[in-house]
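After this come two complexes, each holding subunit A, first together with subunit B and then together with subunit C.
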Partner chain A sequence: MFKKWLSRYTGNRNRGINPKGFHVSQIKFYVLLIPLSVIMLLPILFIFSSAFKPPDELFAFPPRFFVINPTLKNFTDLFAKLSTSGIPVSRYLFNSIMITLVTVIASIMVSSMAAYALSKKKFKLKQTLFAINNIALMFVPIAVTIPRFLVIERLNLLDTFWVHILPVLAMPVGLFLMKQFMDGVPDEVIEAAQIDGASDWYIYRGIILPMIRPALATIAILTFQAAWNNAEISTLYINDESLRTLAFYLGTLTSTTAGANTVAGQGIAAAAALIMFLPNLIIFIFLQGQVMSTMSHSGLK
Partner chain B sequence: MTTSNPTIRRAVPVRREISLRMREALHGYAFILIWVVGFALFAAIPLYETFQYSLNQVSVTTGSIELSFVEWANYSRAILTDPNFIELLIGYTIETLVSVPIVLIFAMVVAMLLNFDFKFKGLFRVIFFLPIVITSGPVIKELTAQGAASAPGIADVPAVIDFLEQLPRALRSPTEYLLTSFVLILWFSGVQILIYLSSLQKVDQSIYEAAAIDGASGWATFWKITLPSLSTATVLNAVYTIVTLSHFSENKVIQYIYAQTYDIQGGIGYASAMAFIYLAVMILLLGIVYFFLSHWARRGSR
Partner chain C sequence: MRIREAFRTWLRKEGSAYGFLSIYALLFITFIVIPVLAAILLSFTFFDAIQPPHFIGLNNYIALITQDDIFMKYVLANTIQFAVLVGPGGYALAFILAWILAQLPRLPRTVFALILYSPSMTAGVAMAVVWKILFSGDQTGYLNSFLMSMGLLREPIQWLQSPHYLMPIMIVVTLWSSMGIGFLAMLAGILEINPELYEAAAIDGLKSRWQEIFYITIPSMKPQMLFGAVMAIVSTFQAGAIGVTLSGANPTPQYAGQLIVNHIEDYGFLRFEMGYAAAVSVVLLLMVLFFSRVATRLFGSGEEA
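Here is the complex of A and B:
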């Protein structure tokens, strides 16, 4: 039962990516790919292993990769800290979940619609808008922090729930990637739909979006991470403690200003990093099936 | 009554017809409208104000921000007198120029391998896509904090020191960077592998069949068919790589600009000017890479 559920939702089932048999001639691929995939997996192993390291191993020099005497002390320290918090931790958790959920859905809608217009529609400002987006894509985000603060202040968004969501909706990277993927959808498909009388909205919802599912899933993963890990907005635009996010809260626990000493702080930081990282990994596992299986089959020859 | 003449009732007031092209454009604007509003408010306007700051001496007092116009003084200070900024910029340029080809080649090779048929291919695809959750967020921060993202030990091995000293001066720091951060560079190639893979799958298989019938070797097929059909993806990947590398939160230039923003000696105006110089360098880098790649793409498609 569980296995069936898992394979259904994680995209684990065989969608025809994997050939059925194994043949000796395939060995050369493994020889090349296994060492490389170990490199790719190292950071994940590292984050798990360092969360269980006792202090002397965390500060060992040269740093050791794997934990030798695993301990749960970092976690008990962390939870002890959580229970002394003035505001219940569930409040931060709820904020983070809500904000992340709304941000991911809304930002995918906004940028995919914009990408559809930029990629498949013809209008005057098209090139200009895309060029401006590309410049914004390259601009250092921290440099615009202060003017952005002023804009947010003028809009009366300080200390509201929306300040977490609205500024990150227009994500230049998302628009950029999605437009490039949509450029790969052949115009013939859209023309055929138009001849059959499909409306713009139908073409966007029913044709374009399903065809760029891998891009959507990729952007969803990227946006999720940006939103989930965002502590900056809580620091800059929020004064009301009950509107801040989990990322911010865990950050304060581990910084030295919170009265924690650095040695214990490092251990708590490692445990907190693992806890913050797990949702990213889970989302990744759920969405990668989308990315991998439906990789742009245009159905047009 | 009018029932005697139904056509009169049905007559519609003359509507101003809009042309098909106009309607197409209107639909386009409708789809992009929300994005434009959000983008203007939270990106374009702040960007413009930052540019104004960069031309001013900005002092923040309680409740207000005072500007005094200094023309290009912030820029000339960053370029001519700041001891660190230019050095950091040069370091960044070298690192980017070293990393981009590595990421591109690595991603291309892995994508081609993953496009072959073998068992557990799906699993390997997932593993190589994993870096997408590594390079942003807490993982990379933890890794760099622990010193695991680079291998500084390598640069201290006597053989490596000897080797580095043999090299001409100009090649020394790129090579050192390459040796110490090779693994880190590979972690930046998740999305790029995906983009290559998706454009590899779009290549028409019958072209390969035709080439095979004509007796083309695998080597020739790669150079004549695979590589040219990846040219668009390569340009896209190059842009994406440069952008992610330069926005990477552990990037030294960014950290310097950030530190200067809240520094008494620096200030907002100065940091804004540096941000714009950084932007200019980035655009220049993109221009260089784009020029070479599109030149190569045109030659390839001929």
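Here is the complex of A and C:
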């Protein structure tokens, strides 16, 4: 009986890549991964813990990692706060939500349309344009902040709502992943629809889009992260305080140089950091299956 | 007349393809192509953002190599040190972790993948608050307090203001958040490999798992390895702002954490020597391109390399 049970976890079953269940050979991996995961999680747990700490625990000496009497005071303080120029924090939050929402929807549309052309349409420059986009995967936006500023200035986009959105939409990785995934949709499906007289727009909207849901979800996540966490745009291209984002505001909370580091502000900063972090996490948990199935098409040849 | 006719046929055949591409192409040209070209052009000029730029040939590049002591002494050395440890280091780590995760059943694999990936979604800003508190310079900082209670330290250390510790902290923090999209791509790549390949190899006499990794796993997932490498290179250079975020100052204390990205900002936005900053930008873009070429040589299909 015991032997049979033992052989289940030591035999050849469940060894190697993508096993169905537990096997003794996996123990060494758990031994490695569990401590590592704890280290990876510590800073994130720390935000959670600090965000709910009452002032006396924030000031406690020696400092303690975990919260003992959790309170929502930091959150109520955060929203009662006005920034130095008199803008309530809820305004930054509202801006962030609006900008992120519009960016995500627009990004899905823009890159899926371009991907449809590059994957399913026939035209002369197709290979060349895809190759250009592949080179642009290596593009480092931070390197061209200055010329970008000049372009945005010329286009009169400084201090507008759209400057948050338009630059983020040109996302080579998004187009790349979407196109690779779309290549997996069989051409026969489209040919059949064409014979039935379907228009290009109908094929894109009615046939392709429903078939590439995982890729859409992945682009949604990537765009979400790019837009939601973006503080640079608010710093560089926006002077009007009421158009800036929560990520930017969080930056101002922590930018007091060391020495002037106010302990009381830590709790509020942690509460804001938690509000920044949680949506990332929740969305990824819901969509992780879709992301993984997109990633298996991510190969760069 | 004939031209119009030709245009009509072209429009019928290819018009809708360009229609679908147009919005993306417009944004791509406006926010990527033009800024890159502008950076290249500006790099040959003197431009202070007040007067129009005037052409000075290669002077910016010559000055960068021969006169910019800070660039040669600190920025270049720091960037290389940072890039080598965070780039290939983070990349190797991502591959090893992806391989280990692939050896586990689905549920624990998903949980661990989520934990390892979660730091990369927070991005610099949200986490700066944590690092500032953890590495805080007085005895209320967690690291100082911990080390002092262990008896390892008698005086608190100003971690983020110290030229000795800033760079190692930058590297650790960046590595911590480097299990991003490239890591997920490699994990998916390993899981996609046909299990029959391993069985065939076992029959052919491949014994250790190390051999398996080098003869089967990596060759079978080269495209994902390349994608992961490109993502690692880009995010390494993109991460350059971390030193300024942590120390709260540009330039960083005694230039200890000054990377090429901060140098661009220093000249462009603080000293308004935009032409010179553009030259540094071009050098940065060339560095990224060079490293990506190396990665293409290693993992590419051989078509483009």
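Quick note on the criterion: the second predicted complex is superposed on the first by the 184 of 301 C-alpha atoms of A that agree within 3 Å, B and C clash if a C-alpha of one lies under 4 Å from a C-alpha of the other, contacts with A are read in each partner's own complex, and residues count from 1 in each chain.
One rule holds in what follows: contacts are C-beta pairs under 8 Å (C-beta built on N, C-alpha and C of every residue); 3 or more make two chains touch, one makes a residue touch a chain.
Given the structure is predicted, the values throughout are model-derived calculations rather than measurements.
> Examine A:F123 and indicate which partner it touches, taking first as subunit B and second as subunit C; both and neither are also allowed.
Once the two structures are laid over each other on A, A:F123 reaches both partners.
> Classify the contacts of A:V163 with the two partner chains as first (subunit B alone), second (subunit C alone), both, or neither.
Touch partners of A:V163: none, neither subunit B nor subunit C.
> Classify the contacts of A:G184 with the two partner chains as first (subunit B alone), second (subunit C alone), both, or neither.
After superposition on chain A, A:G184 lies in contact with subunit B alone.
> On the A-aligned overlay, A:P214 touches which partner chain: subunit B = first, subunit C = second, or both, or neither?
Touch status of A:P214: first partner only.
> Would you sort A:L253 into first (subunit B), second (subunit C), both or neither based on which partner it touches?
A:L253: touches subunit C, not subunit B.
> Tell me the contact category for A:F29 with respect to subunit B and subunit C: first, second, both or neither.
both
> Classify the contacts of A:I238 with the two partner chains as first (subunit B alone), second (subunit C alone), both, or neither.
Neither: A:I238 stays clear of subunit B and subunit C.
> Return the residues of subunit A at which the contacts from subunit B and from subunit C coincide.
After superposing on chain A, subunit A residues 14, 17-19, 21-22, 26, 29-30, 32-33, 36-37, 40-41, 43-44, 46-47, 50, 62-63, 65, 110-111, 113-114, 116-118, 121-124, 126, 129, 133, 136-148, 150-151, 155, 166-167, 169-170, 172-173, 175, 200, 204, 222, 225, 229, 269-270, 272-273, 276-277, 280-281, 284, 288, 291-292, 295-296, 298, 301 contact both subunit B and subunit C.
> What does subunit A use to touch subunit B in their complex?
14-15, 17-19, 21-22, 26, 29-30, 32-33, 36-37, 39-44, 46-47, 50, 58, 62-63, 65, 110-111, 113-114, 116-118, 121-124, 126, 129, 132-133, 135-148, 150-151, 155, 166-167, 169-170, 172-173, 175-177, 180-181, 184, 200, 204, 214, 218, 221-222, 225-226, 228-229, 269-270, 272-273, 276-277, 280-281, 284, 288, 291-292, 295-298, 301
> Within the complex, which stretch of subunit A touches subunit C?
For this pair, the touching residues of subunit A are 14, 16-22, 25-26, 29-30, 32-33, 36-37, 40-41, 43-44, 46-47, 50, 61-63, 65, 110-111, 113-114, 116-118, 121-124, 126, 129, 131, 133, 136-148, 150-151, 155, 166-167, 169-170, 172-173, 175, 200, 204, 222, 225, 229, 231, 247-248, 250-251, 253-259, 261, 263, 266, 269-270, 272-273, 276-277, 280-281, 284-285, 288, 291-293, 295-296, 298-301.
> Which of the residues in subunit C end up touching subunit A in this complex?
The touching residues are 13-14, 16-21, 23-25, 27-28, 30-32, 34-36, 38-39, 42, 97, 100-106, 108, 110, 112-119, 121-123, 125-134, 136-137, 139-142, 145, 149, 158, 160-161, 176, 179, 181, 184-185, 187-193, 195, 198, 221-224, 226-227, 230-231, 233-234, 237-238, 240-241, 247-249, 261, 264-265, 268-269, 274, 277-278, 281, 284-285, 288-289, 292, 300-301, 303-304.
> So in the complex, which bits of subunit B are touching subunit A?
21, 24-25, 27-32, 34-36, 38-39, 41-50, 53, 65, 110, 113-114, 116-122, 124-134, 136-143, 145-148, 153, 183, 186-187, 191, 194-195, 197-199, 201-202, 204, 236, 239-240, 243, 246-247, 254, 257-258, 261, 268, 271-272, 274-276, 278-279, 282-283, 286
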